[in-house]
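As structure tokens, the structure follows; a few thoughts come after it.
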Amino acid sequence: MNIQKMKKIAVFTSGGDAPGMNAHIRAVVRTCLARGIEPIGIYGGYEGMINGNFLSLNRNFTVNMISQGGTVLKTSRCEEFKTKSGRKKAYENLKKFEIDGVIACGGDGTFKGAHALYEEFNVNIVATPGTIDNDLYGTYYTIGFDTAINTATEAIDRIRDTADSHGRIFIIEVMGRHAGHIAMDVGISTGAEFIAVPEVETDVEELYRRIQNMREHTRTIIIIGEGGVFLGANELSLELKKRYNLETKYTVLGHIQRGGTPSVKDRVLASHLGMGAVDGLINGKTDVMVGRIYDKIKYTPLVEAWRKKKKIKEYMFELSELLA
Amino acid sequence: MNIQKMKKIAVFTSGGDAPGMNAHIRAVVRTCLARGIEPIGIYGGYEGMINGNFLSLNRNFTVNMISQGGTVLKTSRCEEFKTKSGRKKAYENLKKFEIDGVIACGGDGTFKGAHALYEEFNVNIVATPGTIDNDLYGTYYTIGFDTAINTATEAIDRIRDTADSHGRIFIIEVMGRHAGHIAMDVGISTGAEFIAVPEVETDVEELYRRIQNMREHTRTIIIIGEGGVFLGANELSLELKKRYNLETKYTVLGHIQRGGTPSVKDRVLASHLGMGAVDGLINGKTDVMVGRIYDKIKYTPLVEAWRKKKKIKEYMFELSELLA
Amino acid sequence: MNIQKMKKIAVFTSGGDAPGMNAHIRAVVRTCLARGIEPIGIYGGYEGMINGNFLSLNRNFTVNMISQGGTVLKTSRCEEFKTKSGRKKAYENLKKFEIDGVIACGGDGTFKGAHALYEEFNVNIVATPGTIDNDLYGTYYTIGFDTAINTATEAIDRIRDTADSHGRIFIIEVMGRHAGHIAMDVGISTGAEFIAVPEVETDVEELYRRIQNMREHTRTIIIIGEGGVFLGANELSLELKKRYNLETKYTVLGHIQRGGTPSVKDRVLASHLGMGAVDGLINGKTDVMVGRIYDKIKYTPLVEAWRKKKKIKEYMFELSELLA
Amino acid sequence: MNIQKMKKIAVFTSGGDAPGMNAHIRAVVRTCLARGIEPIGIYGGYEGMINGNFLSLNRNFTVNMISQGGTVLKTSRCEEFKTKSGRKKAYENLKKFEIDGVIACGGDGTFKGAHALYEEFNVNIVATPGTIDNDLYGTYYTIGFDTAINTATEAIDRIRDTADSHGRIFIIEVMGRHAGHIAMDVGISTGAEFIAVPEVETDVEELYRRIQNMREHTRTIIIIGEGGVFLGANELSLELKKRYNLETKYTVLGHIQRGGTPSVKDRVLASHLGMGAVDGLINGKTDVMVGRIYDKIKYTPLVEAWRKKKKIKEYMFELSELLA
């Protein structure tokens, strides 16, 4: 591939959808147009790349997209792309449609695929962090995270009405795969009495003590991120019953955390990274993720982006202890 | 008890909380004050009645209450009240605090308790329909129903973003105990491809056919009310897998449907029924539920309110077929 | 025109947009398809009818439309249509595109145009009430009203945070043209201390007395519907300053009341009226508005729909006095 | 005053209210309790300080406060405090109630008062940035800003439905006093065609050209921050009419931008700064604002906080050009 002069840049979304993906696609399209590049959309992620679902995009396509949840380019989890022959087909289509550079928006699965395209076929590819989990290294936030924590908080504010009215103990499971970013932010913002994150082994005895201390306050909210020692809210609820004969209600927030109109932060971040991705390709970047750390655009090697661990800030643990 | 002149009216909430309960309490308090009656709050439902948690309420108590979810008087599910001796204690407290009339806000469990108080101790008692399920006879809507269906719809609009992005089939379980009112309204308002209500046996074959026909449209939303043949979304998902090897995602909306700030409809209805309850007691009504049907306040014998079945309107079934 | 067998039905939206218009269009399209009729969309209201912007619609067109605010068929206020020659052009297009029946969604201006088409050219036309103002006779609610009052209430709940924090008097103007339906519902649901509707002359002295009585409660909310004696919040604020030297803040909610995703009520009503409009045309109805009163579809002569006055329910005035 | 050992810390809110102030008060109270300090609330800002409205706070006071808009400690704009004798009274009360340190949450007016208390009476005082305008130096964000931009964006998303439906040009005025932070973030997140901020002189000719170019896209959204060359949306609308005979609609978002439940960002920031303020006082800080920049707590001299100008990031201007 030739980056001397980018003529066509293709963009696609892959893996779990995240609010802000459409704002991101819009920014890629408009930046391309402003730079004299033809923007191409690949429909259905890697599957669409294999099947040749390529479409030229224009400004009209992007009208009002900034506020829409989900992704208009659709997404998929594609088994065929995990095979060498699948990736070969995908590459053949990139060549056939004369794509000079590719922007891949998604999470770590997406990044592994992008890295393979670079390794095997020398594709010019820049990935962008589109996942609500915020579990990628090289960016302060991922696209979708801010919306997801606000959606979860709003839902838990509702549950708190019920918890208050009944004086109940509620265990609420939020998303996050193997990272506690969502749980930690949501736990602090809902004033949870206990926050269980995968990064730290849950001390059930301490949790029980905390609940006992709190009982005067008529209700208790416990936030648990999926993927820790206790795989979910259900397991923790059973454990508390078994060990201490404690009655708790549990609820799994589930898929509502993914959708909805993106927050301002997500729209602006998604726009900024869209500009950063196009300009990265123009400047010869490849095999990298474009992220933003403290207002600065950063390009991080793809392998680092999914391998290195982004830590939860120390002060978040401190706040969760102090204010619970 | 003496209704010649009501001097003190007590109000409490019981069973599952519902949005609008606070608007209702506010209306009871303010109507009492306007009628020269002292309003008394009983904290914690029947449990509070047994324990003597009675408190005099005033106008200041009700400031800004109209928009709050849950119930500031708290609620409970009380085992002791199911015994004769428990109810005796409760009655003794009503006497001790010189309560002339009682307003009980809740669902069918609450109503059974209220009816027993009337039967056994001749308590002047008017019940008000406070439940999101809308499953009580004698009122067009129950307090909380309109908020719950809007909350559920908003949540499903979010899930649809994900369903669209992935082209997935989603089975979403909403509340409703043994009535399909929530499922039906939410199903139509989210444009669901299939709505399964407890009132009608779910025809899985028909459901499968419907899904097959819809596949061109990239995603399918199925709304299921709890309490039908398939007890929930999980069971239906497993059945579709077993019978047709069909992959579906399921999600249970759960407790988020209960909380939150009440909708305008719920605030106005709760206010209207508050006035109707106080004025009913003043006019000698007892052992009844106050409801509203087509803008008219109606008093229905408590036994009918929970025994008779409120049907889903025929046109709702028609719409669900026609527009799916 | 021939109603023996409707082959093509055209639908359009006109005047101010209202949430639920898209749900309505969706229902018209799907009902047409179910009845074997080709649905045609006219873009841009009467202007589009004059310019021949007709497009055949299909099921795909309606996917996910149920939750969208505004109207995808666009709308306009068209001066040319107010002339005979303009209407002639419009009619010629209806003939040219072989339209057998027309569904016109909008408010009283739209209805007058529809009535003229019937009077002058014998067009088979059924109008549907699409306006947030709820000021049309022959239907309990208009499409958009329920969403508008919820949007306004949510906005005022926010303002109340500020009013409370400062102990201020806020005069808030809501929409409604010359009808107080929005003001009344919003006033009760926000617990306003005073509600001024165009239907009743505002008693400024009484208002002042009310404010004085309320001062202990730290803040006062006054809701005013546009179009009364005081044309708006600004005028009332000035009057209170002039007469009593009373400082008040005023705010005009404005266009935010029109947009947004429709509420469940509006989606279901819009769907129901869509079915009712198509089936009305099939059954030979013309020059009527299709409305719903107490769950029953009603066809009201167009002239009555805009001339007769829909009154605010008595109990709403009673509640506004009692609970303020 | 003696900081050897803080025994009592007083907290108050002043000036315009902002979402997150309650989360902040909660954090101050709980941090005090964890550090063995008695937290005191001053009601009604500087006015309350003058009048001696001091109240001891406890943990129960803070239950569920984290999600509430406005400020439970009330706020005011106090003329008397601008006089030396007023401040003397305030100081006497601080002495009388044995306050060792004070936390003042508000904007620049609040800061000036706090600085005067330090200068004249050597009060140990730390200010915290509580204002939606984000116009204070020494902190990346102020408490309330993130909520305000999300509220404004949500409102404008609604207006866009109407703008789209009619193909209209809308000029929307957002808050911000003399800083364009709100306008810039909101403008980018709503995909505005033009953003007018006080920091840059509005080029009306360029604006007109931009509008002309956009007309193909059926609607135009222009965001204007108050306090620029054109003092508001109304003036700009008139100017466009005068110069180019261009019809536009304008709307002023107004007070809805202040209220509502705070966003996650605002809750977490408010909590963090609450901890930072208490710990600052304990460590001898005074006459400073506590802010957060890039995850680090920073103490900035009060005079700098309101005198130095916080600039809008360069990339925001770039994005607003590129993506409009």
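Order as written gives the chain letters A, B, C and D; numbering starts at 1 within each chain.
To be clear about the criterion, contacts are C-beta pairs under 8 Å (C-beta built on N, C-alpha and C of every residue); 3 or more make two chains touch, one makes a residue touch a chain.
Values in this document were obtained by computation on a predicted structure and should not be read as measured data.
Minimum number of contact steps separating subunit A from subunit C: 2. Common neighbours of subunit B and subunit C under the contact rule above are absent. With centres set at the average Cα position, the gap from subunit A to subunit B is 36 Å. If you average the Cα atoms of subunit B and of subunit D, the two centres end up 40 Å apart. With each centre defined as the average position of its C-alpha atoms, the distance from subunit A to subunit D rounds to 29 Å.
Residue positions of subunit A touching 2 or more other chains: 157, 160, 164, 218. Every pair of chains meeting the touch criterion is listed here: A-B, A-D, B-C, C-D.
Those residues of subunit C whose C-beta lies close enough to touch subunit B in the complex are 26-27, 30-31, 34, 59-60, 63-64, 66-67, 146, 149-150, 153-154, 157, 160, 164, 185-186, 188-191, 217-218, 261, 263-265, 267-268, 271-272, 275, 294-295, 313, 315-316, 318-319, 322-323.
Here subunit B touches subunit A in the complex through residues 13, 16-17, 19, 21, 68-71, 74-76, 151, 155, 157-162, 164-167, 170, 218, 249, 251-256, 258-260, going by the rule given at the top.
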